[in-house]
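Residue numbering begins at 1 within each chain, and the chains themselves are lettered A, B and C in the order written.
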């Protein structure tokens, strides 16, 4: 009990490496990323570290971002599509502090986008990297809890169990009852968990211009989808994969064919729907698009249904 | 008028301020010092060091203070610090036979070389709240014996000399020592990785599993061969010097559980081992660990795997409380995007359900009409 | 522990800014691996003993450490300086058996006989394979390869030289073992390209 106890109030902050992780850890993660890119959809085991935020709160994504980020990068962090949710704010602040990088909420300005549960509505471009936070990377885990077994199934490309499960859904419910974390097949080989994004976002993974990296910290797995890679949602001829559709446009910006959050307005059943992607919604509003709640405006409103991606 | 939720940054900053104030408590009461925590809540400090897998009482005390006494949070703080430290190498195997024992008991021999040494145990205290402790009355200095400096033989060695217990599994010294903090988990796990995982596993989880083996879920007929608590030197090999150097001393709790085993055509009947080794004074944890270690050796010893405590992936994937608390608590993060997807599907399925029911009603009444007409 | 000869060539020529340099080198390599056929610029950040090239040494210094055994081809083992440079700057053990290597450094690709002598990983763990760094003199003036696969929109071209003998057949065999297989990093002066095992070669019109 010496110095530390005596001047605990005036302790110098511990010094950390650029982007928090030590270089040896970054090297280990970088090697895993390269293997992940070389074998698209295969989950590469990596020696995930304890991070200064809890497991399950994006430690995998944070480690991947920390391993790739450089001082010239511009970072965007979203949670549920929004830049201003508390966990997104917290992770963005972490990198602003430990790596001193510029941050942004504008999708086109970002070089690295770390995400939880959504893919931005604005199409990603070449040179961008989308980093997913993944809770359970194993798409077969809820069919077979044992790692030793699921590893064999991937090795043998034995995915019958997954099809049986999806078909049982149809038999019981008339629908495939998976609405998020909907399994995909990558480049005709590996069945992969897209992280708990709504299946609405699955088509955006297919032939994306951006590199997609997935980090699961607690489960110690990294995987990747290179740009221009075939990503197909599993389905059946008589029950083709389809995404969610919303009956009404965004109440704020009038966008259609985007993913909407339901907002409860009162205790009398009042509901409205607004964009889950906050940047997409704000830039549409800045461009003069108005949804029902904000009143109509010239060129938008009534014909909002005809509006498509207005950006770029 | 709807306004989207904003100001996450301010909300977080304010929450942290409130947390700091709550942590401090009543400002008229003196703040806790780290000496007070390390000295007077030493078993909490030991638990945090063990599950945090970092032997540093001072930092553990700081973590407990910072965590407002939430020990799992304190473990997490210590782990997140530990992970930033460079790894210089590993120590030589520690010789617990050379332990300077403060407590040493065996349940299988009444008396034995080195004797039974109760040490600072709660075991025979009557659990009556002691009002005197509300104050700060002086306590008597402990009775101490003569330091004999003699090696206290391990009970397992006494059994081993007679061949009554299986040999301590010998690890090939040429193989690298597993380090679960630096290699991804792989099953089946080697003994070194399994013991590391158990040593920093959650005390409560391992305790419950150990208890389950006693109640018949993979019974192993355990006897406490020995529990010893005391200080052991940590030695590292310095390659440039060509010999080992003592770099410090840590307090450890070791439990050697002696379990029944039938033997086989090749192996004569002998007892088997379950092993527990934990930082600090952590007897409950060391005992639970040794029971779990023995249960997890089921496949190695040719036993049927019938109970949770024997299931390697189940036990070792779920015993880490930092992982467990993170993932359980992450459920409080926003999930409204996924929930929206589920809402949409449930509404659709309900609509179909009611439509089908209405159609079925219509058909039934139509059939009834036809029947009536026929009759 | 082998004694390292006291020559400056061994101790010098490493990263002067390890954190920044390795990040820049890695990002170039990651982009190369993610977009096979593209040529990424590498900064000039290392000065190894010849015949190890600046590009190849920057890549190995970025990727290798005590956890990754490195294999060197005959051209790099002629003198001990290169081995000592790698050991000193990365801490990686140098191995003689190619199938034990996480990384292989090849200064004379034309003399490399077989890609399948390296580790291809296993069906369960295809990531446990050797990544081979080939030192090439050019990425655009050799015989043209037409590439398809993940990371490539339609098709891409690359013309590295020199390459291992019977490269096209060897690469087809490597592709056929997918998900097992080696990944190639092509280190040219000032730039890098990559051929991950997922890349297919398009047969040239006869």
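One rule holds in what follows: a contact is a pair of C-beta atoms (placed from the backbone, for glycine too) under 8 Å apart; a residue touches a chain by one contact, two chains touch by 3 or more.
Everything numeric in this text was worked out from a predicted model, so none of it was measured.
Colleague: Given the two chain pairs A-C and A-B, which is bridged by the higher number of C-beta pairs in contact?
Modeller: A-B
Colleague: Hey, which chain is the most central one here, using CA centres?
Modeller: Here the chain at the core of the arrangement is A.
Colleague: Need the CA-centroid distance for the pair subunit B / subunit C, whole Å please.
Modeller: Taking the average C-alpha coordinate of subunit B and of subunit C, the gap between them is 43 Å.
Colleague: Averaging over Cα atoms per chain, report the distance between subunit A and subunit B in Å.
Modeller: Those two chain centres are 32 Å apart.
Colleague: Would you pick out the residues of subunit B that each touch at least 2 other chains?
Modeller: 182
Colleague: Return the residues of subunit A touching two or more other chains; collapse runs of consecutive numbers into ranges.
Modeller: 17, 24, 28, 45
Colleague: For subunit C, give me the residues that contact two or more of the other chains.
Modeller: 67
Colleague: Touching residues of subunit A toward subunit B in the complex: what are they?
Modeller: Counting only subunit A, the residues touching subunit B are 1, 4-5, 8, 14, 16-17, 20, 22, 24, 28, 45-52, 54-57, 59, 79-81, 84-90, 93, 116-118, 135, 145-148, 173-175, 177, 179-181, 196-200, 218, 220-221, 244, 251-252, 259-263, 265, 272, 274, 276, 278, 293.
Colleague: Of all residues in subunit B, which touch subunit A in the complex?
Modeller: 1-2, 4-9, 11-12, 33-35, 38, 58-59, 62, 76, 79-84, 86, 181-188, 313-314, 317, 322-323, 325-330, 333-338, 340-345, 348-349, 352
Colleague: For subunit C, which residues count as touching subunit A in their complex?
Modeller: 18-20, 22-24, 26-27, 29-31, 33-35, 62-65, 67-68, 102, 122-127, 129, 131, 149-153, 178-179, 183, 196-198
Colleague: Would you mind writing out the residues of subunit A in touch with subunit C in their complex?
Modeller: The contact residues of subunit A facing subunit C are 17-18, 23-24, 26-28, 30-40, 42, 44-45, 67-71, 127, 151-152, 154-156, 187, 189-190, 207, 211, 224-230.
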